[in-house]
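Here chain A shows up in two complexes: once beside chain B, once beside chain C.
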Partner chain A sequence: MISAIYGLALGVGANRIIKGAKIEHVLGDPKMGSEKDRAYSLNLVRIALKTLEQEVTEPTLYDPYEFLKTEKKEVSDAA
Partner chain B sequence: MRLDIGTFPVTEVVFGSETKYNDGLLEINEDELLAPVLSDPRITKAKIEIARPGESVRIWPVRDVIEPRIKVKGPGTVYPGTCDRPVTTVGEGVTHRLSGVCVVEVADIPQHEKGGDFIELYLDMVGPWADITPYSSLVNICVVIEADSDLHIDSKNIAVHQACLAISDSLAATVKEQTPPETETFDLSTDDDSLPGVVFIPCIHSPEHMSGSLNTFCISIYGISRLMSPWILHPNEVLDGAISCPYRTAFATSWAMVNNPILLELYRRHGTDFNLKTCIALKTEWTTQQQKDLMGQQTAKMAKMFGADGAIVTWDAGGNEFMEVIRTIQHCEKNDIKTVFLTSEDLSSEGVSTMLEPVEEADAMISTGFFLGDALGLGQIPAVDRVIGSPEFIIGALRDGVIPTQGELPPPRRHDDHYGFTNLMCEET
Partner chain C sequence: MSENIRCLHYLNQFFGQVGGEEEANFPLVFKEGSVGPGAVIERTLGSEGKVVGTIISGDNYFVENKDLALKEIEAVLDRIKPNLVIAGPAFGAGRYGLACADVCRFAQKKGISAVTSMSADNPGVIEHGRELFIFPIDGVTSTKPTLEKMMDFGKRLVLGGTIGRAKEEGYLPRGIRVPGKAKEVGYKRAVDMLVKKLRGESFKTEIPVILPDKVKPAKAIKDLSKAKIALITTCGLIPKGNPDGQVSRDPDRFHSYSIDGMAELESGKWEAFHSGYFCDIATNEPNYIVPLRQIKLLESQDKVGSVHPTVYSLAGVNGAVANAIEIGRGIATELKKADVDGVLLTAA
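Showing the complex of A and B:
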């Protein structure tokens, strides 16, 4: 679940929750212009799909920024 | 800060040759009252109609309900800040009020035109809906008013509200020089150290997020409607109308704010059962989780700094705003402040909670009924003999249907009496 109000998502017990941007624009930021806005959205959706590969046992919150850092680290560790 | 509020009960309102108050009878000279309003180029039409308790009358569309009040001694103006009124700090000296009567602002002007917030409120003087609104027991002095359609929405809002406040001011001015039959003193200067401290936390909607504007007319504090950090208000400021103007329900009105039964009850028990420490008004409808968390934490911190052992939290809107409201309760409880929440409930099915996000810290709540009017069990609201305002009532989720206002109507869309004006009771099943 991608949510700007992730506290609510955690409260109701969603499995995997990705921090969205704002209530008005959960998946982007119109101030960035359409191209960057789309890249921002795609990134969140990609992270959301990636988290489906992870086992979770309780409502788990993913910060997109932290997720990318971990992902990069895994890639470099593997290399 | 001491405030004496002198009450002049009104039992009858009649049209007459001059505007005056005498022993319960309020006489109104309509032309005189409307002259300054109609000389305002922003106003195209205005008239006054009276609806009395028990009459088969419906008023639609209702934007605000205002109690006529006036400062007699002490600084400032009642309902400060809004519509360019002075922002001088209020709450001190003497204020006179007309009780049993209200000015009803009848106009179909939404707070903004970005969608979502419409004027949806109608008031009845008799019938099942009238039974659960406080206004049906008052003489309603209805100002049916229109602004120039070419104006910007913000200008329309200010023009009609300013006009209604001017009429309210003129009515209250009739008792400025008179001696009130009843006076109540509001003074928190002495505490009893052996008693616990209590704060009142009213959560007030901000239209900033919905309208995308910092200056949208709506329920506001000293005229400021935008999202900002919580306001520390002396309870006397609230009694002088520091929180005023309407939102979209029957219970977020200027009248309701100065007659807030929770605040009045807290005041009357000050020094006997507890010490009323302050009022912390939290602006709501923030747009990120972080902001919502911050508001909850800061409000709780302020309550603690004021020596709160207990708090009462109320709110005036549904959904989004709930997040910072429930977090405020959560953080108060984490700070050892016992907190009671007054709220309406959502409909529930299959055992799901009737509130958006139940948190375990929120363990003391008082239900004031259902939020959606449909759920109140009032059924269709019966037809009336007379309509004040528009003969056409707007229906439908897309607001694309029109039915006669005078006929049978669906129940009001929202009923969020979060202050406990009504006597609805829960039934254990």
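Showing the complex of A and C:
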């Protein structure tokens, strides 16, 4: 579940929650300009899908930036 | 005055004294008079009536052959003509609880009063709690007092006595609000409650909040590149012009739209309709609320197996929990039918 009001999602017990951008534009940011915005939005969706591959036992909140950092670290560690 | 109450009792194979789990496929039978816990009913009725018979069915038999079982029950009802059906108590047993609820609902449909009992978290309550008089029960030791309460209540159902509210009678609330008159006016009750709260004393709210169900997290998807993903939104996606009249708040249903063959949600063809946020931005770029363009791109890169060709939408503002449960169940049923592995749900 991708939501900008992720605190509410946690409170009612959604199980995999990804922090969205803003209430009015959950999956992107028009201020970024089209190209950057599309890349950002694609990344959000990609990360959201990635969380479906993670085993969870309780409502879990994912921060897309933290997720990216971990991914990058894994890549550099592997290299 | 004798035989005012003609009570038919429903039991599963265990309480019907047929056997345990090994007899779960035991077919439905009718026996004259009371069996097992039915003796309590018989005693409670005294000269006011009697247990005209007992229906016993294996737990599996009933749930696996529900239509047939209900036909068999109909034949008994038509022949024996009871005016009260008592089912259970089923305690925490899921199949038994569902069967008790089904039997009672069927009897009610035929104009026969019905009362059942099971634990408050039995699936029978969750599925049918709003339609039935269900008396909660914890353990087997409470069988006698619970059946006595049910009979006192059931007798009044049949004979036309006054039926009180859930908390007075002891049955589980059915979600029905009955107007009534309180002893004190509202502001006084509210202030009294606040004072109690500040003093740390116990108080009872007049507007209980129904909490959403705890849902067990779905298992992780093993291989996303082979998974079928569905898109759902509570951000209120509508085709332009809102052809099927989706509401922008208080939803009581979900809407399905085909996205088959589309590479993205084209602006101008879709809109956002939701009374909880400023919708213009999402109307200009509907892929902000349903990420079709993004997921189709990931699909073309083999990062996702496939995208379910239907998107489910509603505006999740002010939604009542009871409606939300029904809506969620409805969507889940469609997803299961379509062998969907995972869902991306966008909420504001």
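Basically, the second predicted complex is superposed on the first by the 79 of 79 C-alpha atoms of A that agree within 3 Å, B and C clash if a C-alpha of one lies under 4 Å from a C-alpha of the other, contacts with A are read in each partner's own complex, and residues count from 1 in each chain.
Operating definition for what follows: a residue touches a chain if its C-beta (ideal position, glycine included) is under 8 Å from a C-beta of that chain, and two chains touch if they have at least 3 such contacts.
Only a predicted model underlies this, so the values are computations on that prediction, with no experimental measurement involved.
**Q** More residues of chain A are touched by which partner: chain B or chain C?
**A** C
**Q** By the touch definition at the top of the document, which applies to A:I23: first (chain B), second (chain C), both, or neither?
**A** In the superposition, A:I23 touches chain B and chain C alike.
**Q** Using the superposition on chain A described above, determine whether A:V45 touches chain B (first), chain C (second), both, or neither.
**A** It touches chain C, and chain B stays clear.
**Q** Touch check for A:I5: first (chain B), second (chain C), both, or neither?
**A** A:I5 sits against chain B and chain C alike.
**Q** Name the contact category of A:E55: first (chain B only), second (chain C only), both, or neither.
**A** Second partner only.
**Q** Would you please give the residues of chain A that touch chain B in one complex and also touch chain C in the other complex?
**A** Residues 4-5, 12, 23-24 of chain A touch both chain B and chain C.
**Q** Hey, which residues of chain C end up touching chain A in the complex?
**A** Touching chain A: residues 212-215, 217-222, 224, 227, 229, 235, 277-279, 281-282, 284-285, 287-289, 291, 293-295, 297-298, 303-304, 342, 344-348 of chain C.
**Q** Looking at the complex, which residues from chain A come into contact with chain C?
**A** 1-5, 9, 12-16, 20, 23-28, 30, 38, 41-42, 44-46, 48-50, 52-58
**Q** Chain B touches which residues of chain A in the complex?
**A** 4-8, 11-12, 19, 21-24
**Q** List the residues on chain B that touch chain A in their complex, please.
**A** 209, 287-289, 292-293, 320, 323, 327, 356-359
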